[in-house]
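I have placed the structure first, in the form of structure tokens, so that the comments after it can refer back to it.
Should a chain be cited, it is by its letter among A, B, C, D, E and F, assigned in written order, with residues numbered from 1 in that chain.
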């Protein structure tokens, strides 16, 4: 794991640009065939919800970017168990077709095993 | 009180520019002889602490702006009692020479009596 | 009713810049008056003419300009906040010996007094920040 | 040791932009290497040449430029983030038919791939945001 | 009576909590932008009986429509009602950090 | 062992709390910028025994020197030690929102 990278997606979609710009960085990384794992935690969980309709606020759906993950070779995302629970969101609300959603109960131990952490 | 104004100072100094830019707006208002009251609440409380030394982070002391308040005719500031208590800060830590610091226990009722509220 | 808006957020970076524009549109459509829109803090970037979003994204600067032309809006950018953030008129660029200017048409630079004046002359002030 | 920095905050608006500069200075003074500084999100404003802080305030852009000249730093601004926020090179201004350019000397525009490359080639990545 | 407008997620920011600590009898709360994520939790116990609104476009953007309709004390409003709330109430306080 | 860097006030933002929920045995915490306001409260009970540092210049800027020296588990460090912490630990995680 000497050059393994994980991106922490902590911000909700739409209120600020950082969630979108974070995903763009992740997709670029995947497109360049660098292995990158994704951990959704905190309000980043909200990026995963289905039925987002941001057209009326003049934005494009961020979930569309997530639906593109398998095309970029990302077939698994990690989701923080406690973050889901704190927001009363169930695992079936955060599914992405073609992607395995794996819940993490000890995110600290997971993060410590990576060489590089990107934060968005 | 039909055109009375209050400024809510809620942000700590230095981490972002908003605390400074808020005080500049308040001083401009006072310089134009518009009555404006100041309520420090939340992390805005930290603006009032004595012995701030931001030279090494390349900023000017925000407390200096507060020391100028009497010169602009502002001789009283309001401070939220609960915000002080939550941060274990005592009233004697937030004194400004020439300015009466008045604690407020029901900020909501106070705010509702103003015509205009600025937020910084 | 006579409104003024205070906008503290940069376009694109925060949604509140676009919420302000939407609110302004609905206000005007409902027959209300906008005395002034005052751009302060990072909000001064709403008047940066070099902003170039991709074609399939909203161009907030162009939309403010359109609204300004249609309703003769008073769109004021705080001059001190703008200098610190690199938004300059031709005149300011010359005075500060900077190589270019980037203040968008329809916006004007002025002092904080214009915010104080807006507060004094409006029945409502709505702030957009974050 | 070989470091890269990722800077997400605009100068003046957030302290983290100035913390990044201070950290870079100490790194270099301690004999470490900076592979790249990548400016992303609002951090692209660190390369806005029209920034004109008052004379008694720190000019972060000038200080990055000075550090760049002295250590030949690779200061890269994300081109997509910069377009959305109005930071353009001469070439981009021409291509996008904008009236002026404001990319400061010493900085260059490039794609997000430069962040990915920095991650791959550095022993440490430190992010400055907020 | 004050109209309080909150645009930050209560899971990330203290803006909503600060707002509720400054809520007076008769005040009204409007959730916009990321503020609508407050619908995912139990944040309104401090202001029983208060009128709470959330903006339709922001609620839809964030897939919070079902959560909103499940809260009996929350009303989803369009932009025209937003303007009306601003004319009907004063002062207007924005909690954006 | 991870170096966690927090630059937001815990009274305004959930950054510190999120950080502490992602803290592993042996991890280290560095408070910078508005993060040093954590010294004004009791935020570190979740990580007993962990090494906690705060940056000298940011502590001085915010008049938090006395508070820092009153906390036995917190060490005030200069910028050179900051760089050293970054060389001694990996990965480095910034909590800035």
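We take it that a contact is a pair of C-beta atoms (placed from the backbone, for glycine too) under 8 Å apart; a residue touches a chain by one contact, two chains touch by 3 or more.
Everything numeric here is computed off the predicted structure, so don't read it as measured data.
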Third chains touching both chain E and chain B: C, F
Copies chain F and chain E - interface residue numbers shared by over half, same or different: same
Chain E and chain F: spacing of chain centres that average the CA atoms, whole Å: 33
Centroid spacing, where centroids are CA-atom means, of chain D and chain E in whole angstrom: 38
Chain F: positions in contact with at least two other chains: 7-8, 11-12, 14, 33-34, 57, 90-92, 94, 96-97
In chain C, residues with contacts to at least two other chains: 8, 12-13, 15, 19, 22, 41, 57, 84, 125, 127, 129-130
Multi-partner residues of chain B (each touching 2 or more other chains): 11, 14-18, 42, 57, 59, 116-117, 119
Every chain pair in contact, whichever chains are involved: A-C, A-D, A-E, A-F, B-C, B-D, B-E, B-F, C-D, C-E, D-F, E-F
Touch list for chain B against partner chain D, complex: 14-17, 57-60
Contact set on chain D toward chain C in their complex: 10, 12-13, 41-42, 45, 48-54, 57, 83-88, 92-93, 96, 98-102
Complex contacts: residues of chain C adjacent to chain B: 6, 8, 40-41, 80-81, 84, 111-113, 115-117, 119-120, 122, 125, 127, 129
Sites on chain E touched by chain B in the complex: 1-2, 14, 18, 21-27, 90-97
Interfacial residue positions of chain A with respect to chain D in the complex: 3, 5, 17-18, 21, 24-25, 28-29, 32, 34, 116-119
